[in-house]
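Below: one structure, written as structure tokens.
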Amino acid sequence: MHVVISDVDKVFGGTRVLKGCTLGLERGEVVSLLGPSGCGKTTLLRCLAGFLVPERGEIRIDGTDVTLVPPNRRRVGLVFQSYALFPHLSVFDNVAYGLTVRRCPRREIAERVREALALVALEGFAERFPAQLSGGQQQRVALARAFILEPEILLLDEPFNALDAKLRGTMQVELRKLVKRLGMTSIFVTHDQTEALTLSDRVAVMRDGIIQQLDHPLALYDTPSSDYVAGFIGTTNFVRREAREGHVALGGGLALPTAVQGPVQVVLRPENLRVRAVREGAAAPFTGKVTFVRPLGATVEYEIDAGADGTLRVVDLREALAPTFAEGADVAVVVRKPEACAILPGEPTR
Amino acid sequence: MSAGVAGVVLTRGIGPALPAIVYLVVFLVLPLGFLFSFAFLSVERGEVQAGSFSFLHFRETLSDPLFWRVAWRSFWVGVVATLLCLLLGYPVAYLYSELRSPLARQLLLVAVVAPLLTSAIVRTYAWLVILGGRYGLINSMLIDLGLITRPLRILNTDYAVIIGMTQVHLPFMILPLIAALAGRDRSLEDASLALGASRVRTFWRVTLPLSIPGIAAGSAIVFALSYTNFIVPQLLGGGNYATLALQVYEYIIVILDWTEGAVRATLLLVSCFFFVFLITWAGNRAMRWTEARP
Amino acid sequence: MSARRMPRSWSDVAGGLLLYGLAAFSLLVLVAPSLVVIGISFTEKRYISFPPEGFTFHWYWAILEKQQLIDAVGVSVRISLAVMLICLAIGLPAAFSLVRGRYRGRTALGAFVVAPQMMPGMVIGIAILFFGSFFAFRQSELMVVVGLSVFCLPFVVRVIMARLAGIDVTLEEASSNLGADRAQTFRRITLPQLLPGVLAGAAFALIEAFDNLTVALFTASPRGRPLAVELYQLVQFDSSPIVAAISTLEIALALIVVLVLARTIGLERLPEK
């Protein structure tokens, strides 16, 4: 492991903001810390950068304990949410800053800054001041300023927050490519799941100072470890059932095999469901009334009032020219791939 | 800059603030204590008389009808100067906020700020020239125009003092008003217009109320400065003109009666703070919508 | 194409005229006295009158012949430099502690340090005069410096505090993250950001200490009067246009300072303080 965070606790004014955070990153791996605001992700980032000292636990980079190393002695690059570009310094001087304070020879600085600016496609902007750049350009300067020092790990705190929605999408892809090309171990902090899924090799879902699950994006989606993760990533229907003798009976004769006993929640992703007309003799796990139809074209989304199981959301693939069910229609809902349904033991925790 | 300096300056403790605090305690708080205590003690031949503590001096001053006449004049001269500053200052600040060209804004600021950088004497002196006797600017102009035959007596009257006070303190009113007006949210005025209000009505109902903090700040400063200014009354009011502040100066520097000077200085300071507090309180009260819900 | 305009109601037009008319009038009131003084300073008459007659530099030469005026300028320069240095030396660290400090009572202390700006100069002058009488500390250049530094310190601290509070702390964190130690961060990031505030504070102390009369009148010794006090005497007892000549020089100096301020800090920032 290149970077290891083990059992880190951080307390602010009597509140434990981080509760035993543990996380390991391979060299060159890109990981996102995903969670709502106040979940402790920025605090963890600041511990990594050295601005905060955790009460407990340790942070190791390449096997060396850096928990108590001051920020200016760590080789940790940080791209701030606000970019924190020095307004009184030109783009060149901003990018050169880390090298200047390390008293690098002038010639080397000029050469390396030129390379760094080329990497972020800002060759012609060296003499500009931050206020004279667009948001996207500022972000690239902040990035160049961080990676020019070849840090062991690159931290990015909500790097796309200050950008408009259109630019955000492009920059996410660009950034992912750049970080991968540089081969830099990176941690993104974000509250936006699309951003996390776009950027990272693995995503750590955080809640209340605890890392709930660390996994590949699709694994998070397919096999969430808790109803919180299942609900946070994508849209989900939860259906509560009782597991007995190795099975969970969904209804209409459909039973899913499981090892657990007692109350469970079955995770039914909307696209794993299908709406059908009610037919005599054909049993279905759910029946109900269509309460809302969203005809999107390639897909049609339904909300169906399924009685005791509450509202079910279904994303139906639509064949060309096929009609939709109308609001108020009585329909049956079936499961496409029963084996793809995650089964979470216990009562809801959300 | 050495690491030592930076180290001291970057400390998160109280340490770096101590020199300033000690300085203010020794050279401001303590001296103010001396000033107040002088109002209660008798001094003879430069020696404070032991055991002479009494309210006698205050009682004598406060029961003197002449004192109240002078105090009343100080007060209303301050009030009139403040109101005139508001009347003259607000349009300038508003004009500034409406100006688009940076050059015009700069020029306006130069006109406002430059007088601040010259001494009080220079600014008051100009009025001596303008208002002064037969050869003053106003009188010679009016006589030349044939509007009057004998020179008006303006110098050495309340008018001269009020004119001088207003002009000398005008920049102190304009600057807070500019701060309040230049950064205002124009969409509120657009909203008012869109809701059918005229420009004049929008000004009275939206722009003016939202600039109350600037009005209160400027009024408090201008009143305090006018109320305690003794140079303008001294130069423009003439030999027999008296305000509280001018009397303080005369008792201490001319008559050398430090006790009476201290009594009046104390009364001046306390009443000045009271009026400033009143203005600030009124401003806050008028801005009640900014308060958090109880 | 010619610009088209919406018709305006007569009350809007009248309101606008009144507003801008008043603005023009008060700008005239602000500026005219200075112009009058400048005009008078070149008059050939022996007493102040308007309009000036003829044109002469006589009154400027007359300044040079008044030794006590020349001396007074020297006194004022010494005083203002000393006041500025004292205010910066104790004001700058205080501002840092009052903005960045992490201790109880910080806000209250800040209020205490800034509060004296509402204190009339006269009261400060008298208080220090009385205080000095107990310690054989007499009216002198030093007493003026003490009084004026007390008078100016709150302004200097407030201007620097305002500037400091506006500095984004993440800039310093960024600097530290990029490998700079505290001294490097202070010198390369904090100080350049702070400089306009420090300059404004220094300029204020310098000008106020040079021009001040209210404090100096009570604390200056009759033998070493600063320029403002000397002028005060002159205005009362000398009706020759020599005061106009001195005033003109002061106005010129003020304009230079304004231009320097405009260049370095930007005048637009002044109203914020």
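Order of writing sets the labels: A, B and C. Residues in every chain begin at 1.
Methods note: a contact is a pair of C-beta atoms (placed from the backbone, for glycine too) under 8 Å apart; a residue touches a chain by one contact, two chains touch by 3 or more.
None of these values were measured; they are calculated from a predicted model.
Chain centre most remote from that of chain B: A (centre = mean of CA atoms). Centrality annotation: C (chain centre taken as mean Cα position, compared with the mean over all protein Cα atoms). Put simply, the C-alpha centre of chain B and that of chain C have 15 angstrom between them.
Chain centres here are Cα averages; for chain A and chain C they lie 55 Å apart. Between chain A and chain B, the centres computed from C-alpha atoms are 59 Å apart. Shown for chain C are the residues in touch with two or more other chains, namely 181.
Across the complex, chain B is touched by residues 8-9, 11-12, 14-16, 19-23, 25-27, 29-34, 36-37, 40, 47-51, 89-94, 96-98, 100-103, 106, 109, 112-113, 116, 118-120, 122-124, 126-131, 133-134, 146-147, 149-150, 153, 157, 181-183, 185-187, 191, 207, 210-214, 217-218, 227-228, 231-232, 235-236, 243-244, 246-247, 250-251, 253-255, 257-258, 261-262, 267-268, 270-272 of chain C. The touching residues of chain B, when paired with chain C in their complex, are 1-3, 5-17, 19-21, 23-24, 27-28, 30-32, 34-35, 38, 46, 87-89, 91-92, 94-95, 105-106, 108-115, 117-130, 132, 135-137, 140, 166-167, 170-171, 175-176, 178-179, 182, 198-200, 203, 224-225, 228, 230-231, 234-235, 245, 248-249, 252-253, 258, 261-262, 265, 268-269, 272-273, 276.
On the side of chain A, the complex with chain C involves touching residues 49-51, 70-73, 76-78, 80, 82, 84-88, 97-98, 100-102, 145-146, 149. Per the touch definition, chain C reaches chain A in the complex via residues 168, 170-171, 173-181, 184, 188-189, 192-193.
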